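Please read through the structure below; I'll follow up with questions.
Letters are used for the chains, namely A, B and C, taken in the order the chains are written, and counting of residues starts over at 1 for each.
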Amino acid sequence: MRRGSTIATTATPRMLELDDVHTYYGPIEALKGISLEVGQGEIVTLIGSNGAGKTTTLRSISGTVQPRRGRILFLGEPIQSLPPHRIAALGVAHVPEGRHVFARLTVQENLEMGAYLVRDRAQIRRRLEYVYAMFPRLVERRRQAAGTMSGGEQQMLAIGRALMSGPRLLLLDEPSMGLAPVLVEQIFETILQLKRDGITILLVEQNANQALRVADRGYVLQTGRITLADEAARLLDNPEVQEMYLGA
Amino acid sequence: MSSTLQTLPQLVLDGLVVGFVYALIAVGYTMVYGVLKLINFAHGDVFMVGAFVGTEVLRALTAGGRPLSPWALLLAAVVAAAAVTALLGAGIERVAYRPLRQAPTLILLVSAIGVSFLLEDLVRLVESIHLGKFVLPVPTVFATVYRIHVAGLQNPLTIRLNSIVVVVASILMMVGLTLFVGRTRPGKAMRAVAEDRTTAALQGIDVNAIIALTFLVGSGMGGAAGALFATQYTLVTPYMGFDIGIKAFTAAVVGGIGNIPGAFLGGILLGVLEQVGGGFIGTKFQNVVAFAILVLVLVLLPSGLLGERVQEGA
Amino acid sequence: MPHLRWARALGASALLAVLLASAACGGGAQPSSGGNSSGLQVIKIATQSPLSGDESVQGIALKNGAALKLKQEYDQFKAMGFDLQLDPQDDKGDPNTGVANAQKLAADSQVLAVVGHLDSGVMIPSEAQYHAAQLPIVSPANTNPNVTSQYKYPEISRICGRDDVQGPVGAIFAKDQLGVKTVFVIDNITAYGTGVANAFKQKAQEIGLQVVGSQSIDKSETDYSNVLTQIQQVKPDLVYYGGLYQGFALMLNQAAVRGIHTKWMGPDGVFSNGLVATAKENAIGVYATSVAAPTNLTPGGQKFIQDYTAEYKENPDPYAIYGYDAMGVVLQGLKDAIQKNGGKLPTRAQVRDAIRAITDYQGALVKVGFDSIGDNIYAGYYVYQITSANASTTGDAKLMAQYNPKGELVSQ
């Protein structure tokens, strides 16, 4: 296998760049030197088994955990030691694994929280319309406490909430987890739609098959290291990947 | 009508007044618990500081006669108490709790108890130097007393104008807080942080600033309650915050800790039940009644009267 | 290292708390040099009373009275070769603090005797410490019967009367002199307050008064509405409050707001300048039993008032003279012990025995002679009524009746 850092850049300008990122949980080294990049307008996916470090990579980017070593550049600026709310202010929106909607807030309030940093009321209104148009189910439930909704609706809300900030980079962590197949389909369609709307996406998925179908490129993580990096289509054809992650 | 039933209306009235004070303090416990999952044991003493600030303002303004109307006096005392304690609360958070954000909750609790002792002794020290004593009588604000004759009752109901003012002021503050938390951007952010600090930060919410704001608001209300309490019960001591703090905390738990309407409900309920229970069983059991209610509620409704039963999204 | 950071912050705030707390508690015992440059031997007499907190008006008065007596006799002892020093302790009216202070005093071999306490509830648990250290203590004001009757230690004596006489005297006065038929009895849940209130209640029932209600309310409570509502309902002729002045004053004030008109009575614990200072005109008309004769009626008392006012620039609280005479008794015993010991420094046991042997000490106010358990055989009982809102003179209290040590009416 080739080392991830040796290959493959994109034609588009870089939006995000990780350079030898090491992240720890206490004494445990969860990321052992991750280097990757995401180009403007791309969908890049991270695949790997449980505990490989996919979620930790997203958390390191959004500042929820701080890497102990290495650099993270967003639009060329180092962000690895910023607190999460500052990183969010730069245009990085993170939809965490398990949705994490604010269960006791209404749907509408959840969306307003997504737009917490947006001061322009007209802007907020436009984005609300955008999100409601994308997820019509949310309109009928806007006054309802988010915690009372189904898992699929909560996932829509979590994505909608992230969109409210008008992000340049969207970090999606396991958006299809625990959803019925028809909803999974819908989520991946949404992801493609977002790409068409100009949003750059870094996608973490257990469902590697689906993820590689929508992504431009992909990285394979194994126990905190990137073991493979390539075009999504070529990863789909890679026998090793097929054997380990695609259940072939 | 039996003799105890004759006293019931007066007991309920008196209970409501003290209950509203409990409610205002309980809000501070519940808000801080909401965002930090910390029982802020210093909150009773923040209330006490508010009582002293209010008392000192009243003393200063009434020192040379009474040029001001009682309304102006009360407003000055309450606003000053709220302002000082709001800053005090935020300061306590910054100095005693924020450095311990990663520490186990037990450590925070110890820190809170330390702050509690510190405030008591500090007030004692300051007042001892300032006035040579630290148990202070409180100047009367509203001297008016209404006696209302009710058919069937042997005694007129006694209502002090001061009691009415305490209740109305409490209601105004509660409505204000409810609107703030329910409708405003920082209020909603407070609820978001209470629910999920990490996810709130991902939305761009500065969690530390919101926690500081929570202390600011909760402590300010506790301090305002202190000033109101001082005008009502006419004596302040540096140790007054302990008993009342414990009761307000009980009220917060009874209502469902973390839940603001619950804290209001718990406070008012506790005040009334305590008075009625004291009247029927014996005054010395007033406090016992309070804690019996606590135990009962925790056994029957572990999450309190309005405790959250909404499932976290998963 | 985040955990180091919070550990340090915690340590720093704990240190700060300790510093401030000790600063706030300062003003207790002053360290004194053991030896003495002038070749005098140091003898320390301690006082134990609340110098802070709700009861500090009385506690400080007590200490001041004792300090005045010590100062006046200083030269006598100096002539005998002793440097007499006062070691004032703040028991805060709190049993734990009282016991801790007693242990501290027991450990200081220069302390030969103690004047204290104010609260029976502090005195009784501290007694074992004094007994173990053979350290004599003369109580100026502890009227609870158990102070002398429970353990009967030879170290414990008092110059004042007992609540099992004081309480009944109140009941007898209420019936015979005030014509009261119904009484409501309140106590503040302390050894002193509950004890005297029960003694009052028992006697009241015995002599045919009707006890129409009885409640206890914690001494730290500031809201008396609950008990006042009950009083309002049963309309007693007289309300008896077994407790101290602070709680009583608040109750009087809140009763006035309620428009409750009744007679009020309390024991010596409420009979203080502090009562009048807080209750003001609401204190007028209040009856108080006391174990002290009126200070201003005896020549010794008048001289005391003069000396006290000159020393402290304020009129003495009724408790001041108790402290003064208790110190007088201690110093008399000390003198006797020194004499018996051939002019040399006596032991605590010698001082203890000399104090208990006193049979007729004439103080500024009280005559003192101890019986076998340390009660004063000359203790009298008095009933006063507050007639003005002048706090510096305890409301110009008027003596209404006087009773002998058995509780029998002597004069009106």
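What we mean here is this: contacts are C-beta pairs under 8 Å (C-beta built on N, C-alpha and C of every residue); 3 or more make two chains touch, one makes a residue touch a chain.
Predicted, not measured: the structure shown is a model, and the values here were computed from it.
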item: Chain contact topology (line, ring, star, complete or other); value: line
item: Central subunit by CA centre of mass proxy; value: B
item: Distance between the centres, which are taken as Cα means, of subunit B and subunit A, whole angstrom; value: 44
item: Separation of mean Cα positions, subunit C and subunit B [Å, integer]; value: 36
item: Geometric centre distance via CA averages, subunit C-subunit A, whole Å; value: 75
item: Junction residues of subunit B - those touching two or more other chains; value: none
item: Touching residues on subunit B, where the partner in the complex is subunit A; value: 185, 188-189, 191-192, 195-196, 198-207, 308, 310-314
item: Residues of subunit B touching subunit C in the complex; value: 3, 6-7, 10-11, 14, 18, 95-96, 99-103, 107, 110-111, 114-115, 117-118, 121-122, 124-125, 128, 133-135, 137, 145, 147, 154-156, 158, 160, 233-235, 237, 239-240, 243, 275, 278-279, 282-284, 286-287
item: Complex interface listing, subunit C residues touching subunit B; value: 2-3, 5-6, 9-10, 13-14, 16-17, 20-21, 23-25, 52-54, 56, 189, 215-218, 220, 222-223, 225-227, 229-230, 232-234, 246, 250, 253-254, 257-259, 277-278
item: Residues of subunit A that touch subunit B when the two form their complex; value: 62-64, 83-85, 88-89, 93-94, 96, 98-105, 109, 112-114, 116-117, 145-149, 151, 154, 161, 165
